[in-house]
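Questions regarding the structure given below will be posed in turn.
Residue numbering begins at 1 within each chain, and the chains themselves are lettered A, B, C, D, E, F, G and H in the order written.
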Amino acid sequence: MKKLAAALALSFAISPAMAEEEEMVVNIKRLSMETTQKIAMAAIEACRKEGINIGVTVVDRNGIPQVMLRDTLAAHLTIEISKRKAYTAANFNATTSSLEDRANTAVGRFDDLIMSAGGVPINVGGFIYGGIGVSGAPSGETDEKCAQAGLAAVAEDLEMM
Amino acid sequence: MKKLAAALALSFAISPAMAEEEEMVVNIKRLSMETTQKIAMAAIEACRKEGINIGVTVVDRNGIPQVMLRDTLAAHLTIEISKRKAYTAANFNATTSSLEDRANTAVGRFDDLIMSAGGVPINVGGFIYGGIGVSGAPSGETDEKCAQAGLAAVAEDLEMM
Amino acid sequence: MKKLAAALALSFAISPAMAEEEEMVVNIKRLSMETTQKIAMAAIEACRKEGINIGVTVVDRNGIPQVMLRDTLAAHLTIEISKRKAYTAANFNATTSSLEDRANTAVGRFDDLIMSAGGVPINVGGFIYGGIGVSGAPSGETDEKCAQAGLAAVAEDLEMM
Amino acid sequence: MKKLAAALALSFAISPAMAEEEEMVVNIKRLSMETTQKIAMAAIEACRKEGINIGVTVVDRNGIPQVMLRDTLAAHLTIEISKRKAYTAANFNATTSSLEDRANTAVGRFDDLIMSAGGVPINVGGFIYGGIGVSGAPSGETDEKCAQAGLAAVAEDLEMM
Amino acid sequence: MKKLAAALALSFAISPAMAEEEEMVVNIKRLSMETTQKIAMAAIEACRKEGINIGVTVVDRNGIPQVMLRDTLAAHLTIEISKRKAYTAANFNATTSSLEDRANTAVGRFDDLIMSAGGVPINVGGFIYGGIGVSGAPSGETDEKCAQAGLAAVAEDLEMM
Amino acid sequence: MKKLAAALALSFAISPAMAEEEEMVVNIKRLSMETTQKIAMAAIEACRKEGINIGVTVVDRNGIPQVMLRDTLAAHLTIEISKRKAYTAANFNATTSSLEDRANTAVGRFDDLIMSAGGVPINVGGFIYGGIGVSGAPSGETDEKCAQAGLAAVAEDLEMM
Amino acid sequence: MKKLAAALALSFAISPAMAEEEEMVVNIKRLSMETTQKIAMAAIEACRKEGINIGVTVVDRNGIPQVMLRDTLAAHLTIEISKRKAYTAANFNATTSSLEDRANTAVGRFDDLIMSAGGVPINVGGFIYGGIGVSGAPSGETDEKCAQAGLAAVAEDLEMM
Amino acid sequence: MKKLAAALALSFAISPAMAEEEEMVVNIKRLSMETTQKIAMAAIEACRKEGINIGVTVVDRNGIPQVMLRDTLAAHLTIEISKRKAYTAANFNATTSSLEDRANTAVGRFDDLIMSAGGVPINVGGFIYGGIGVSGAPSGETDEKCAQAGLAAVAEDLEMM
């Protein structure tokens, strides 16, 4: 298979991204379930240390869920909000906190998006694997901190891939 | 069954909340139908005294309806609006009036939420049983007043639980 | 059947409204199809005089459609927008133009509502029969003017009911 | 207002029904909230006597909910199933048990319909007020029995309307 | 503009249909609102002669509604069922009664389709203008008869187009 | 708080279940996240031993998800199918395989239900905690076997609760 | 068939538009698939020159998709956003950039609409054929530029139709 | 990156499939837009030779659309049906014709699935790239034949990847 490493290293929504047209097939790296679960558990634990029960979703590059964990007392709402934050982060290759000033635009109000802190893209070594979304903390900053803790749990190992 | 009273006494969305991880099972108190209906009827009657026909929904801790009453001449709209106010109050453990300044944020615009006065959490003795939502009065203040009347009808007895 | 004329004469969402609780049944007046179609055609024709093709929906008191007409070249969008304007007018017993300052509130953003000019309640002699919604004119003012023309076509006769 | 009693006495979906075209307005009788709640409570109690917790919905003639009660331990599913059975009974002016042989037809599979025992039309004195739907009993026969108990609680009084 | 009359004369779903690829634009005939309303009213009146109140929808070639009439006492259900029958007839260029043996196939169960008698394609002179759907009669045969009466009201004039 | 152990020990949908009406509050046991995740991982591993990648969802008593794991190569479809099987098992307090003969009834075709093998209720010591749903194996029998393995991983400990 | 060229030359939503009521049928021009695909490919290529992978949808006059292309690395989100921009442009006969100041009105927030740059109406010679929607570039200006490149690829030839 | 070629060579829904758990990342091959469009055009052309206008959708491994082409006169319905057939073929790694005997099971009736001929998995060299769905021909056999023609247009080249 021909390599498209250069193209894949580019973000595909915010930064320019291009597949060279002569290719028939491109190679997409996908996190295993173990990796996504490790991310989700680290986010859960980071928030527990703050005394908070959250919901967390990890999605693939398309924004499709790979794992969803809802802590024992996390609110029902955290299932869908964490999913949409993860979807947003993966599709924009950006933290949802950095998108907050676009939250009330025509695109920002789109159903599947939540441009509010708590979503973090899984972008390691220039490749977008997917996104992490956290919901349930009193502030979005804490949601994001827990999502970042999830990413941190696997980032070093992913860099060596 | 091990007790998690301390954890359960904490709000789970606004205030910090945490289930200790070594527990296998936690104990959730759930209002009986009689209790939820008593709440709903008290809200209906409080609004009738103001000359207003409302719709009212009482939801459990997850935000799932236990009872819905739509007064004889209440508008169709009151079914869904009262349900979403109750869902919002239960999931945020807060009156929806206190959330109004978050109504036009990315999370506040989420489909299932209505951050407009008329929703009241059923939080008695530090435990969140669910939420009450009222819709149909000319002002949200009156909606909330009727919802509070619903809560008042059972609060004292619930405190002794 | 006992009469509840006084209660029915009151608006049920904006103004106070109350069914006396000892009643088993109330009497709701419903427009016949001929009446709703006469309304819709008058709205269509009023806009044609302005050189405009519109979509128009007439709903009953619950906000449920009785008739929908889409003029020959009216945009697809006018089907759903006219329906929601009619629903809004019927449920709030108010023109949607008078609700425009509430359009961007938590309730105003609710899916089924369009708080933008073009919706007119069918309130004759103090009774709410339903609502009319018009969409397709370049300005909401013209939409409302055509909806009002629809109401005018039947109001005098309805007053004698 | 002109009377359309004859027309209204006819079922409008199964049996022939016709509004005379020269009428501008017809008169629709609507149950008060007290009546619908009395129906719902009687259904709940009839099933409790069998040792069963159910969900019950009472809808108006259009199939729109007026009251929903979910007994303390009734399954989540009973909310929506009871609503659809009530909607079906009201729209077809028939018990849903009598429609079971049409359940697997193109119309019977329509989303809003559940042609399975447990739905009973509120047809008293030849007028269709709405429908009752019950869900949660081990058999549809018991569901229907409880719905019928709900109707029985008000039928005699309604006949004198 | 080049003519594609031959291609357009063919049904596009059941019978073979082909646009020649060198064309940039094809010409689609669309019924005016007057024509669709004439169809709908004729269907309403045909069923009234049988003593039945129906709902009727007329859709364009894509299956998008142009007019919906719900007779005074027609059930709520007739709005959506008539729309789906019309959609089915237009998309398959066939009466829905002729499709009944396909009703319980994977395609026949598709949400937007109702393969049950009462839908008639508006196919005149070999061109598919759209479809008519009728719902509300005790039998599908009567629904179809009324839909056919709708078509008959305009067919002769359309043939001269 | 008064005890309702007897009532709670009864299934609430298939078997008779009743909350005594004089109670204000009942006590519902809820699995912690650790427990639900232990269940999900055991199901994943049981299927991996068969060389199969599955999706698994564990829901609470209401049928609301607590955890969702989608194995690395499991199909997209397994997210929603596993969720609906778990919902079905929890709401009927029955394995979905035992419901297969009801799959093509009016209730069985309801959107949220999948009456096909792979769903197992979490019923331990006579109390319904929720449900497990598995999707992705070539046969439903294998799906169910993996779901049962999930339950087995915690059943003994739960019995001592 | 009678000609309605004058009426068709007018925009139908923003500018006045009117079908003369005596007509039975109007003539609507529809782009062939080759034409819509040529448009879509030109948009894709214009954005590739900028180093960007986009999603593009071309819709007909009703706003119904004729072609959707998602470039190799374009985000999942671009499918639906490009569709809604195209729908918006076709229904308003306006670029979505020109509608941005209406984006946060009651109508602008309607689900099917995205009033954000990237949508361009296919209006050639005064006739509205449909719309083009582009999503995926870092800025709406670039999205619109690519959509315009799509239109430019066929405009000259369409003018001769 | 570690290779998981063996696992990836296995179908992931029908045949056993397993990612080895020690892997952090797996490698998924994705078709470029050029390839998916080549497939779609070949399907369109194969059906045009039969005198038929179809709709065709090509989806990726998750079942997410990459391209949708609707031929000039293809029915509206073909958009969604072709998408669901493609989704089904990709998720089951099987032609939808081979699944027809499962079409009326609980899983087969799931909303996103259409188990009717016309869907073909893009499985080349033992790897599942996605699926092709075709709708619009008078028979499913012809739909499938055109989908196969689409696959044939790229299969040989893909085998050399």
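By definition in this document, contacts are C-beta pairs under 8 Å (C-beta built on N, C-alpha and C of every residue); 3 or more make two chains touch, one makes a residue touch a chain.
The model shown is predicted, which means the values in this text are computed figures rather than measured ones.
Trainee: So subunit D and subunit F: same face meeting same face, with over half the numbers shared, or different?
Mentor: different
Trainee: Between subunit G and subunit H, what is the separation of their C-alpha centroids in Å?
Mentor: 28
Trainee: Go ahead and note the Å separation of the Cα centroids belonging to subunit E and subunit F.
Mentor: 45
Trainee: Could you pull out the residues of subunit G that touch at least 2 other chains?
Mentor: Touching at least two other chains: 19, 21, 23, 26, 30-34, 62, 64, 71-72, 76, 104, 109, 111, 113.
Trainee: Let me know each pair of chains that touch one another.
Mentor: A-B, A-F, A-G, A-H, B-C, B-D, B-F, C-D, C-E, C-G, D-E, D-F, E-G, E-H, F-H, G-H
Trainee: Under the definition above, what is the set of subunit F residues touching subunit B in their complex?
Mentor: 1, 19, 21-35, 60, 62, 64, 129, 154, 157-158, 161
Trainee: Can you name the residues of subunit F that touch subunit H in the complex?
Mentor: Within the complex, subunit F touches subunit H at residues 48, 50-53, 71-78, 80-81, 84, 96, 100, 103-104, 108-109, 111, 113-116, 136, 138.
Trainee: Within their complex, state which residues of subunit D touch subunit B.
Mentor: Within the complex, subunit D contacts subunit B at residues 30-34, 37, 44, 64-72, 76, 79.
Trainee: So in the complex, which bits of subunit G are touching subunit C?
Mentor: 7-8, 10, 12-19, 21, 23, 26, 62-64, 87, 90-92, 104-107, 109-113
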